[in-house]
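In what comes next, subunit A is part of two complexes: it sits with subunit B in the first one and with subunit C in the second one.
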Partner chain A sequence: MKLTKIAAYAVAAAMVASPVMADLVFPSLSYRTGPYAANGTPVADGFADYFTLLNARDGGIGGVMTNVIECETGYSTEKGVECYEATKGEGALIYEPLSTGITYQLIPRATADDIPILTTGYGRTSAANGDVFSHIFNFPANYWNGASVAINHLLDLNDGDISGKSVALVYHNSAYGKEPITTLEVLAEMHGFDLTLLPVDHPGQEQKSQWLQIRRERPDYVLMWGWGVMNQVAIQEAANIRYPMENFIGIWWSGSENDVIPAGMDADGYKALTFHAVGTDFPVFDDLQTYVVDAGLAAGTGEHVGTVLYNRGMYGAMLAAEAVKVAQEIHGVADITSGMMRDGLENLVISDETMAAIGFQGFAPNFTVTCENHGGPGLGGVAQWNAADQTWSIISDYSQSDMSVIQPLIDADSAAYAAENGIESQCN
Partner chain B sequence: MPLQLLYGIEAAINGLMTGVMYSLVALGFVLIFKASGVFNYAQGVMALFAALTLVGLQNGQVPFAHLINTVFGTHLDRFGWHLPALLAILLAIGVMILFAILVERYLLKYLVGQDPIILFMATIGLAYFMEGFGDLMWGSDIKVIDMSMPLLGLPDGLPQGGSLWIEEHTQFLGDERFYGFFIDKLDIVGAGIAAILVISLMVFSRYTKTGTALRAVADDNQAALSVGISLRTIWVIVWAIAGFVALVAGVMWGAKSGVQFSLSLITLKALPVLMLGGFTSIPGAIIGGMIIGMGEKVFEFIVSSSWFGDAMGFTLNATENWFAYVLALLFLVFRPQGLFGEKIIERV
Partner chain C sequence: MFYREAGDYKKTYAEDNQTFPLKLDRYGYYVILAVAFGIVPLVINDYWASAVLIPFLIWSIAALGLNILVGYCGQLSLGTGGFMAVGAYSSYKLMTSFPDLNIFFIVLISGVITAAVGVVFGLPSLRIKGFYLAVATLAAQFFLVWLFNKVEWFYNYSASGQISAPTRTVAGFEVTGATASPEAKYLFCLVLAVLLAWFARNLTRGRIGRSWMAIRDMDIAAEIIGVNPLKTKLMAFAVSSFLIGVSGSLFFAVYLGAVEVGEAFGIQKSFLVLFMIIIGGLGSILGSFIGAAFLVLMPVLLKNIMVGQLGFPIDIAAHFELLIIGFLIMLTLVLEPHGIAQLWRVTKQKLRLWPFPH
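The block that comes next holds the complex of A and B.
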């Protein structure tokens, strides 16, 4: 009896004396239901599976297990904010909302709560200015980079001269879809092409008017900023009017397998921008198969592994995990806080060595984040759909967007935000 | 003919065709409202569920596979068959009949005699339940619909793309800048199916015993009960027919974009059609759809054109969603019961 009591006291003392290692918490504001579920599900699966892999293979990050807390938003901004409020108290290190609307709402809240937000390829573009947006990161590329990369691709196709050409932008009539307009207007003036704007209201199930207009005006190129059903309908309508698919280029959110498969062979040749690779031809996927899919730990059935959106979710998780490692190194503790996580993101260096060490070599371009530049290098590539093989192939190098156009826009927009919200310089 | 006039006619024709596609959804609302006075908010989700079921059965997808795998650690996915489209349609109809029986038995039976608003709220609940149930049963992936039916002359499934024949035979109307009228072959098929549906429903309603019973219940359910018509049976029949109409709408819209959860939102397109055509008229649903479709397309064509911009100093885009409702509201000012709806006179 006495021995039992002593043992119990010893265990209790040990528990009090030794530091308690809490999990590293990564909330996932996912949307597996609602009209955008088909896109939200593979992204959420990729995000969750990468952290499952880290737990199963490495015992977490720096010896601390990770914990993904999913909260269903249904792609609703209101629900997204509710999810943020419901999960931030769980020790959330970072949010990746996968919605520009939710991101806009969370920017002031997360900044006040000292929690960073990472929006890879979406969100508020001018948040690339870290001097104003201390807690918001949108590396490695944003919408304005995307607009510039698309126009650069058209310049490449036309020996550097697109003056007199006509370009139509078919866009989701929302904050997200309107993001590239300013950049494209500046680029239109600079390169002398005509820009026609064709908004499509949510959800985009019916686009006959827009495509009849395209048929009438026959623009040389069509760019698309779509999401969800809008993409599938647009590609089908383009095929219906026999618009040449190789002249139809979507942003990276209009370039998943979901968008092209419903149109069948008609979608052959359609192009989309990208900032990361597709497929499973990277060492990390071998580990993922062994430790996660084969072990029955995958968030989904495993059928999405290697698809565009799954890989994007995984890439977002990888960037967050690498930022954790940097934060652990800077602060010398394994069990980091969200404030430390922000420091990790701001000092993140993605190099060939980093990518090789984690089995991602060649998956995406290298970049370095600084206090001033939260947006990364703004590199983007062009992928093309092969309908017969049902595969995307990257047909260009990751090229630099025109920062001489984009940087002044970022500076102007972020300066306006800073003035409106009384934000002083964060980096000096 | 002036080019802009030709383009305007093209917009109007395409609007008519699109309107018929809206009508396919609106028809289901009308059927249920006529027979039971219930505004079935779940009609859009029924279209989604029916189409999901059709594709799931056709592709041999194991229902609830994800749930079963999670609970039991299995790796179920597909049965390994691919059913012919006709057989899959018949099975999907069977599922929608079963659905009608279950709705009557576990929902409507308990709400007999309740206020219409209670029934309406129940259908909102039904919509949410079915959306979640459909997700759990068939998953949220986008599914490609395969309607290849060689026996019916459709070896490659439903036709897609503009009709070349129409384009070639209308080019003479304009100069070299005019490419001929664009009309989507899928919309032509949709219009044909809608016509067959409306005629069949009207013949069924007028010349069959069950149809007469349906009309009796629609006119006065108490009187119908007193002459021995079973209200419960009628409700099952009408929900089953609405389920069939939902399947047709789901297939036609699913052929445009793949079968996905945004299909449930086509309800938004059916509402102005109902407001305009009336909640109790089958032809009204079709005419209403055509007016809404043509109105929104012609309006969009006018206000987005450069000549409108030159004249007014501004142009408008993406007007279709709100303009459909404005048009319906304008009609309501003059005919609150809709174009073909029955005038409701209440003595107080």
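The block that comes next holds the complex of A and C.
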């Protein structure tokens, strides 16, 4: 029994270790262990499976095979640095670290090493200003868009007037959770609502006092910037104090199946933002089933296919793969380098045609990346959980966030970064 | 046969008092220094610097600091993470407020600021000791982390609360920031680690070190023979916090380059350093280095063996890593409760007698 297992590992090792000539390397700084594993695992699976699909179905991208190197970070920044140093020498084209803390670490390092970073819906928001952050991309939406979309949703519910209403923000007390505060403060002043800030410390299992305060003050709406085990605990606590779920809105990182299922029927009606579709109702999933899942090539256990975070991991992989195609076209080389990959990302155009060609039609909104704008359009929708059917459904269309509020904030923050680090404008 | 005092004549008091009285030890020490300064910088690359050697040196400094407090002076502290945060945030504030100040002095001044904070939080040690003092220093840990999260001035009002180290140079070589070469970063940490270890070693074998040990072994007896507990304990807190502050400063400025306090300097870091000195050996300079090596290098080594060589799936490797490290910690403590440094001491003792054990 034991020996067979060891033998199985040895065979797996031999298969993994077999050298692949000239390939496109996509490091995956994943976390399948620790307090954030429940959310890290499906994203890593989705990311890996999409490249497996490209290899099995199309023979890679533009004829060059892809190779995903996984490195476990456990959401720790120190391990993230180790993983980055360990994988960058393998010819890494792009990093998608799935951690705001690790992203902050990598911004200067990767820029110096000429490797782009793509942070879909997380990371440093002001990196949307491509004029300052040459190698950092955070399309299609960022935290400040998310904050604005959430407030717009509240405006919609209240016929455009939320003055005098109270909104509480329950947030992970880290760079990630603090990101939306400035935007929300500006919006609070603009629309006249009261904002209460309730920080939750890492890892987020202890939230009794925060929810006691919510129970006492009964804010009209609660927003949440949570991740990992913090989400499940928050939704359970909200259910315990019988807070109306339809007034509880999470950011897109607080809206996966893992977060709501533990609370059972009590989580019914919980809302979360999203910047892409949920479910498996897209042609690409048929191919995925045929070439990856049925062939036994799925990463992890294969049980996450079609869940919110799996789709997000796949979406991140898809954007990277499309950028490779653009880069191959621009430079006329199939086996591109990380510098070419950066050009590919900067000239990426996601249109109905590109989405249809790869079986993703209607999966996410269209956008165009430019040298100045690395942040995309910032569209976001609202999804609601149906506990009886165990499904998320999108209840409001992707809508524009208030860029008149966000753009000045982005400009101010990136200008401060540029001044601190002596960065000159790169778009001319 | 070779490892003994016989034949190694000492002609002066200075020679008689040196740290390594045996020729073999002394030469070993010189060889290690020569390799560390002369050969390692020639072969080092980004991975070895950022993932292995720099964290090892920085954690060694932190372990040295805590060892002075716990190992030499007997005052249990769980505030290491918080004191490292003081070092990191003071160097950030100094770096951004005085762009022309040399990073070498910034690191040392950060240490001094941490020493001052350490003395304040060391005051309870005059009334309480043992586990109660551990709880008091635990309060320091939580308070300091909360402070750096709460007061925006410490992170220059940035939106995310992250602090990032700008590029700074020593003698024209960049040692912080993204473009710094691995050699420069490594040598900068190495110089500080060697200087501080030398400082700590000589402090502990002189009058001050003896008064610390007197307090550790029996504080009432120490007081009776004329050791001032107020001065001695606070001095231990100051020196210990100075070293920990320097390590926190290097941890932020040279090693990570960007930190947020809750993640980088949480309670788990306090425990990590405490485990280092318990495993390495309480009251031993060498033990601090061994303990840091054990807890910093072992996970990287195990990971590279399991994932790189054996090809384990990464999540299984991460779980196995915890298992193996835990097992090794227990094994070490069962076989040698005084830490790995004690093992080395016993070996030396045996070597002196070899080949005639009686």
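The definition used in the following text is that the second predicted complex is superposed on the first by the 407 of 428 C-alpha atoms of A that agree within 3 Å, B and C clash if a C-alpha of one lies under 4 Å from a C-alpha of the other, contacts with A are read in each partner's own complex, and residues count from 1 in each chain.
Here is the rule we use: a contact is a pair of C-beta atoms (placed from the backbone, for glycine too) under 8 Å apart; a residue touches a chain by one contact, two chains touch by 3 or more.
Just so it is clear, the structure is predicted and the values come from calculations on it, not from any experiment.
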Legend entry - Clash or fit (per the criteria above) of subunit B with subunit C on subunit A: clash
Inset, instruction - Pick one for A:C427: touches subunit B only (first), subunit C only (second), both, or neither. - result: neither
Inset, instruction - Tell me which partner A:A295 touches in the superposition: subunit B (first), subunit C (second), both or neither. - result: neither
Inset, instruction - In the overlay, work out which of subunit B or subunit C sits against more residues of subunit A. - result: C
Inset, instruction - Determine, under the contact definition given at the top, whether A:N173 touches first (subunit B), second (subunit C), both, or neither. - result: both
Inset, instruction - Could you look at A:G101 and tell me whether it touches subunit B, subunit C, both or neither (first, second, both, neither)? - result: second
Inset, instruction - Name the contact category of A:V233: first (subunit B only), second (subunit C only), both, or neither. - result: first
Legend entry - Contacts of A:T33 with subunit B and subunit C, given as first, second, both or neither: both
Inset, instruction - Please work out whether A:T111 is in contact with subunit B alone, subunit C alone, both, or neither, and reply first, second, both or neither. - result: second
Inset, instruction - Could you look at A:D201 and tell me whether it touches subunit B, subunit C, both or neither (first, second, both, neither)? - result: both
Inset, instruction - Would you indicate which of the stretches 133-141, 151-159, 241-249 or 295-303 belonging to subunit C has clashing C-alpha atoms with subunit B? - result: 133-141
Inset, instruction - Overlap the subunit B and subunit C contact sets on subunit A and report the shared residues. - result: 32-33, 37, 41, 173, 199, 201
Legend entry - Residues on subunit A engaged by subunit B in the complex (per definition of touch): 32-38, 41, 173, 197-201, 203, 205-206, 208-209, 212-213, 215-216, 228-229, 232-233, 236, 239-242, 258, 261-262, 264, 266, 296, 300-301, 303
Inset, instruction - Spell out the residues on subunit A that touch subunit C in their complex, using ranges where they run on. - result: 9-10, 12-14, 16-17, 30, 32-33, 37, 41, 70-72, 74, 76-78, 81-82, 85-86, 88-89, 100-101, 104-105, 107-109, 111-112, 124-126, 173-176, 178-179, 181-182, 199, 201-202, 409, 413, 416, 420-421
Inset, instruction - Spell out the residues on subunit C that touch subunit A in their complex, using ranges where they run on. - result: 46-47, 50-51, 55, 96, 149, 158-162, 164, 166-167, 177-179, 255-260, 262-264, 266, 300, 303, 307, 310-315, 317-319
Inset, instruction - Using the touch rule from the top, collect the residues of subunit B that touch subunit A in their complex. - result: 7, 10-11, 14-15, 18, 65-66, 69, 73, 75, 77, 131-132, 135, 140-142, 144, 160-162, 179, 182, 184, 253, 256-258, 260-266, 269, 296-297, 300-301, 304, 317-318, 320-321
